[in-house]
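Labels run A, B, C, D, E and F following the written order; every chain starts at residue 1.
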Amino acid sequence: MFLKKSVLLAAIVASSISLKAQNTTPAYFSRFDHLKMTRTADGILEVKFTTNNGPIVFTGKDHHDFVEAFSQIAQDRDNKIVILTGTGNEFFAQIDGPSLGDITNPREWDKTWWEGQQSLQNLSSIGVPVIAAVNGAATVHSEYALTSDIILASNDAYFQDYPHLTFGIVPGDGIQTVWKRAIGDYRSRYFLYTKQKISASEAKSMGVVAEVLPNNEALNKRAFELAKKLLTIPELTRRHMRTMFADDLRKDLLQQVGYGLAVEGISATDLKVAAEEKAKNK
Amino acid sequence: MFLKKSVLLAAIVASSISLKAQNTTPAYFSRFDHLKMTRTADGILEVKFTTNNGPIVFTGKDHHDFVEAFSQIAQDRDNKIVILTGTGNEFFAQIDGPSLGDITNPREWDKTWWEGQQSLQNLSSIGVPVIAAVNGAATVHSEYALTSDIILASNDAYFQDYPHLTFGIVPGDGIQTVWKRAIGDYRSRYFLYTKQKISASEAKSMGVVAEVLPNNEALNKRAFELAKKLLTIPELTRRHMRTMFADDLRKDLLQQVGYGLAVEGISATDLKVAAEEKAKNK
Amino acid sequence: MFLKKSVLLAAIVASSISLKAQNTTPAYFSRFDHLKMTRTADGILEVKFTTNNGPIVFTGKDHHDFVEAFSQIAQDRDNKIVILTGTGNEFFAQIDGPSLGDITNPREWDKTWWEGQQSLQNLSSIGVPVIAAVNGAATVHSEYALTSDIILASNDAYFQDYPHLTFGIVPGDGIQTVWKRAIGDYRSRYFLYTKQKISASEAKSMGVVAEVLPNNEALNKRAFELAKKLLTIPELTRRHMRTMFADDLRKDLLQQVGYGLAVEGISATDLKVAAEEKAKNK
Amino acid sequence: MFLKKSVLLAAIVASSISLKAQNTTPAYFSRFDHLKMTRTADGILEVKFTTNNGPIVFTGKDHHDFVEAFSQIAQDRDNKIVILTGTGNEFFAQIDGPSLGDITNPREWDKTWWEGQQSLQNLSSIGVPVIAAVNGAATVHSEYALTSDIILASNDAYFQDYPHLTFGIVPGDGIQTVWKRAIGDYRSRYFLYTKQKISASEAKSMGVVAEVLPNNEALNKRAFELAKKLLTIPELTRRHMRTMFADDLRKDLLQQVGYGLAVEGISATDLKVAAEEKAKNK
Amino acid sequence: MFLKKSVLLAAIVASSISLKAQNTTPAYFSRFDHLKMTRTADGILEVKFTTNNGPIVFTGKDHHDFVEAFSQIAQDRDNKIVILTGTGNEFFAQIDGPSLGDITNPREWDKTWWEGQQSLQNLSSIGVPVIAAVNGAATVHSEYALTSDIILASNDAYFQDYPHLTFGIVPGDGIQTVWKRAIGDYRSRYFLYTKQKISASEAKSMGVVAEVLPNNEALNKRAFELAKKLLTIPELTRRHMRTMFADDLRKDLLQQVGYGLAVEGISATDLKVAAEEKAKNK
Amino acid sequence: MFLKKSVLLAAIVASSISLKAQNTTPAYFSRFDHLKMTRTADGILEVKFTTNNGPIVFTGKDHHDFVEAFSQIAQDRDNKIVILTGTGNEFFAQIDGPSLGDITNPREWDKTWWEGQQSLQNLSSIGVPVIAAVNGAATVHSEYALTSDIILASNDAYFQDYPHLTFGIVPGDGIQTVWKRAIGDYRSRYFLYTKQKISASEAKSMGVVAEVLPNNEALNKRAFELAKKLLTIPELTRRHMRTMFADDLRKDLLQQVGYGLAVEGISATDLKVAAEEKAKNK
């Protein structure tokens, strides 16, 4: 195959240009309780969901914080690749229910409604490749993982949407959007209606997960290996690929999450109203 | 995992509220020749395609009736879950050709054109989960099954689009839309161009069918089991999930079926004109 | 099953009408250096990518010529079916890099930008079924194959996007569009980010390739066999099926390729600018 | 200008064919309390909004009934043209508030939510030209008028969205959709935010109203005159024009009204919750 | 205001670069019977609709030719600006009816159907600004003028859609698309349903026509004056502006014209069938 | 007219609830050089574009800062209404050219490209009504004003897009999107191609500006008067109205600005390349 050598050389040069060291640690790295951020000298940002160095126990404060956190990550051009991962043997699997406040109150829910939309818009506005390293149960907010470009999973990882139907409310926070795009109309409805567990290998056969790794060490190693490989793509090419790839998802999220979260809130309010009516009718 | 107990209790209460018995049998249950409708006390409506208690032999009158039938089903809030199924060992596989009238006449076809669009809009406007129990050959109007949320199939069931290319006309009545969404651009074209048969298990591997059951008894049992499970989802949550899930399909149907049925009619008319021309040229 | 006999007869008659022999060889068949076109008496046009009777070595002139070539093919109603294929053991795998001119110059690129969009619009405007017979490596412009209705592949064929990341530029010429439609968000990103090779049988399991044939003779034979089968579909039905099937893809291409090629051009220019800056900074 | 005479003759013949008299009065004409329907021998259906032969006082029952009423009108092919109008000097301007039930209760609202979407889908599915004759204040559900093809208004007529902001709830029932399409982003927001009155002549200058008539007699006369003119368009041409023209609006309604009514319901519920909270905090 | 001088200078230089003389006359200039093309030295291509040096009398051959003509104009990068205009006191107002062939025959119509779509796609693919100089009645194919960026009209010019309803067929060839975009839902329906004449000055007040000139000399002069002004915009900026501006229209045309022309053909066929039925029933 | 009194009372109560005083001044109010923010006790945030208390002279730093500024404004729920305005007799009319850096360098431009998209997404994500008070020339970034819900203008204000064609680059930063939505295809192209000035009163007749005020004092007074009126709309209703109204614009911006800014950057780079080529060719 003929290739124009000067162009190839230029590509090599260009990619090397972007690999200068970054020594500073931005202030936002330590501003968010349940996100641990570290960055390699060549710009690979690892974002870990975590609570007290263990698996994350998601709170209402996190829901609020993530809007800002994802915005800061996206604005910081020193991030060249982002890796999203969990801690220990859970990716994202616990909620501190009481911390969410009274989700049956429309005015309280309104905050959730706005934050939920904007955190996904900000997350998907990140202008560099994002790799999810799913290191265990992804049973809460798995849509975060699915906004990534490449999803790696350890053998014991699995996906499920646990909280919505356990609470009895509509799964409308974007989870409906990402899974429909990922596995199609019928599989995603079954997944959500029945709280189905999808294992890492099933997810691979469905085309969501790119690679299944034997354990979490291998997973972490592979995530960084892949990140380094993507770093060899010249800066602008790398940025434009990500943005181009995320385009359709962003539009779907913009279109569907406002509605989804609205009816999720309605279904929450209704639980309370129905209970009150039942109490009255006794 | 922490969960807010009061919310969970509310969810349990709320779902139980919707389970009150319905004793009435609406008039529309018996208004349509080839639809047999029965409803359980807790609101599971079974809609059976049938002709004289055997498999349905689809007629032009059915095509007209279904607009109204699906509208009535959708308007009736006592329906909490809908199961679509066939009779005996066929889901939907026979057409009474002559009953369709002269499909080569544009003015006759115009009725088909409007009814075809509206019956799918009404079917997909049903505001509660729909389960298709595909109990055998689905070779005619399989798009009805594919407007469902969850598709179960017995082991001997299969999908095919038999009539369009057998008649020599464009498969444009919505079948192009649902199958493209279900199995993608390339598989759906091959399916339609070659009148391919897709078995229940192939359909499962392609992500259309959720579960394959060994026989029709098991199929029916499983459909009701699943229906009962979905009934435990609180009323409003259940309704909004269905509507949210059906959204994109409805838009695609609105966008594509008018056009599809227009060119289907043109291709039918052309058969006659071509035959007349051939006769003249002899 | 009842079928209206007169309609069936009409269908048979109608399809036979379109099978009249075409003896003429249009001038455009021999106007394009790297396309070899031959047509059977019943209208099956085979379009072979080729350079000097061997596998094609794609040039900048081809990029320019294809706009016109695909337009002529689409305008010629004597083409009843089109088969796209390669030569020898390559479908499309070589580029004559220097022939592309200076892709880092925006004004030079502007031609590529317009041609790239229009050639895909013209190719997808072909109003009859298109079959791709992928006879080997499809590592360059595989989007041409994926604008087809049915893709057949020989056992040794494979798909890859080689040149973009080898040059270091954004894969934005439509390849992003067709592969996303074909294999979904996650698989297509992985395919492009990592220059993954997808074998014929993997492509079949992913739903892109319809049939894998043991070798190129079998492939060619099967392509013509299938073409003849599609010829039995009446003329207007056949034409409308193709057009209806290609609709969504055409819209996506119209929407995405102008943008994709714009950022591809930017990334090319940047390689040069970055190299110049590096040289200066030494 | 040359015209093919045989075609013109055919057009004249064809239009005359559709003008056969219809003597029957369908049962649905008298099934709905607040709709008065009469049809001319040549198929012009006049639908009058009315309560006790005076201007309509809209009720919750109407909201429910219109789903079915508009479905029946659309299904009846003997309707060749539809005229929508009001009674006396009001088009649609009064609501019987208490009849709406408790709109702050999500489960009650859910009915409104489904009916509101479906009544607009059914109204816009009418397959023949619809003329609105706006004979006075159109301050409630003016979206009904704006689903028409041609809007005529008497000099004293005006448009306003009175109830939503008077109740304090989101104007999300489709009124946001039709007015945005009709007068653009900025004018429609101002119209809704400020409860602006738009006079007939202003509406004409904005492109919504086609003709302003001096009084209601002239209005009625002109509506029928125009209807008769449209009747000279051949049957299928007339039907396809309407359907083609209504296409985009139907898609926008399908897309936006579910969401709009969801947030309208939330805003209603919130009024009650806020009032309860305020009472508690005293 | 501060401006970076070097950038401004570059702009001036860049625009001057594109103004080199083109001395050649491409072969396609004289290939099409009813298009007269001339080009200034600086690349302003004037395309005149004409028959025998008088106003154009549009034929079936033109309908076929325009696909190729517009494709050649778009491919030729020596065209820097395009002016579309008519001859004498008509822009486009006559049809040679018999030349269209038998539009009631679906197989004949199929050619019209494909050509109509593709000619508009090719016309709108022109990558440089297009100015329409409407020099008189635009009563046939006024959509050609409305694919332009800027529409100038002489005082006596007017717009109307004469042929469709005169023939009795659906105005579906794109005229519905451009006019809806240009003057909105309600005005465009009235325009088409009633064969309304819209004068140049009315069209200006509706936002379609940019400038009304007192007579055709002034019109022609102004068109070239404006063209020269647009030539001062640097080459790539000028090309990208046009393409960016035409984007939405192209998508709407791709989406709507296939359908529109399909139902237009159906309505034509129906005229014949209805006439035959009427003859039989006598 | 009947209205349910309890609902009306609830509405009054609910709106009053949101009117509690906010005494704190958030830190972000003073973080951005060229934005002056002040907030009334009842939550009306005035955002003034300004440089040294005079009219704003827009810099590259502002372009960067606005991403964060608009994000902070949107996140702060104490903002109940936002007023956007300028200073003195200019809304937004000056650019400090050199501060923009080298816009011809793709890597520099890449920042502009990302920031330009995200600042408009953040601005349009503001969840409360936004009023623009256009107090003079809006010749730079007028798209900021057009993301508002209601646009007021003083008599001497006018709109123009000055910088893009003065620099010689594509107006692709969103200005093409908002103006197309605001005044339609033809007027917006003319506006941009010819650097047309549109006066306040012309903009009113085109439907963009809601009210023209005699001078800037009246303008400011009216903006606050209107803001206070909108404050009487209950909190959730007010928030949902804005979000619902901004929906389509946000999607169009997401869809079009990435592309627009890409080709704007290409056109800038080309100016430099063209100048270099010209210099070489001398």
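In this section, contacts are C-beta pairs under 8 Å (C-beta built on N, C-alpha and C of every residue); 3 or more make two chains touch, one makes a residue touch a chain.
Note that the structure is predicted; figures quoted are calculated from it, not measured.
Visitor: Touching both subunit A and subunit C, which chains are there?
Guide: Of all the chains present, those in contact with both subunit A and subunit C are B, F.
Visitor: Count the residue numbers both subunit A and subunit D use at their shared interface, divide by all numbers used there, and answer same if that is over half, different if under half.
Guide: Same-residue interface.
Visitor: Taking each chain's centre as the mean of its CA atoms, which one is farthest from the centre of subunit D?
Guide: With centres defined by C-alpha atoms, farthest from subunit D sits C.
Visitor: Report, in degrees rounded to the nearest 5, the angle of the rotation taking subunit C onto subunit E when the C-alpha atoms are fitted.
Guide: Rotating subunit C by 180 degrees superposes it on subunit E.
Visitor: Centre to centre, by mean C-alpha position, how many angstrom separate subunit E and subunit F?
Guide: The computed centroid separation for subunit E versus subunit F comes out at 35 Å.
Visitor: What is the distance, in whole Å, between the centres of subunit A and subunit F, each centre taken as the mean of its C-alpha atoms?
Guide: Chain centres of subunit A and subunit F, defined by C-alpha means, are spaced 31 Å apart.
Visitor: Can you compute the centre-to-centre distance for subunit C and subunit F, using the mean CA position of each chain? Integer Å is fine.
Guide: 44
Visitor: Which subunit C residues reach two or more other chains?
Guide: Expected reply: 106-107, 235-236, 247, 258-259, 263, 266-267, 270, 274.
Visitor: Considering every pair of chains, which are in touch?
Guide: Those chain pairs which touch are A-B, A-C, A-D, A-F, B-C, B-D, B-E, C-E, C-F, D-E, D-F, E-F.
Visitor: Over in the complex, which subunit C residues touch subunit F? Could you list them?
Guide: So the residues of subunit C in touch with subunit F come to 105-107, 109, 258-259, 262-263, 265-267, 269-270, 273-274.
Visitor: Could you list, by residue number, the parts of subunit D that touch subunit E in their complex?
Guide: Listed in rising order, the residues of subunit D that touch subunit E are 1-4, 7-15, 17, 129, 149-151, 181-182, 207-210, 226, 229-230, 233-237, 240-241, 244-245, 247-249.
Visitor: So in the complex, the part of subunit E that touches subunit D is made up of which residues?
Guide: Interface residues on the subunit E side: 57, 93-98, 100, 103-104, 162-163, 165-172, 176, 180, 183-187, 189-190, 192-194, 206, 256, 259-260, 263-264, 266-268, 270-272, 274-275, 277-278.
Visitor: Show me the residue ranges of subunit C that touch subunit E in the complex, using the header's touch definition.
Guide: 67-68, 71, 74-75, 77, 106-107, 110-111, 114, 117-118, 121, 125, 127, 235-236, 239, 243, 247, 250-251, 254-255, 258
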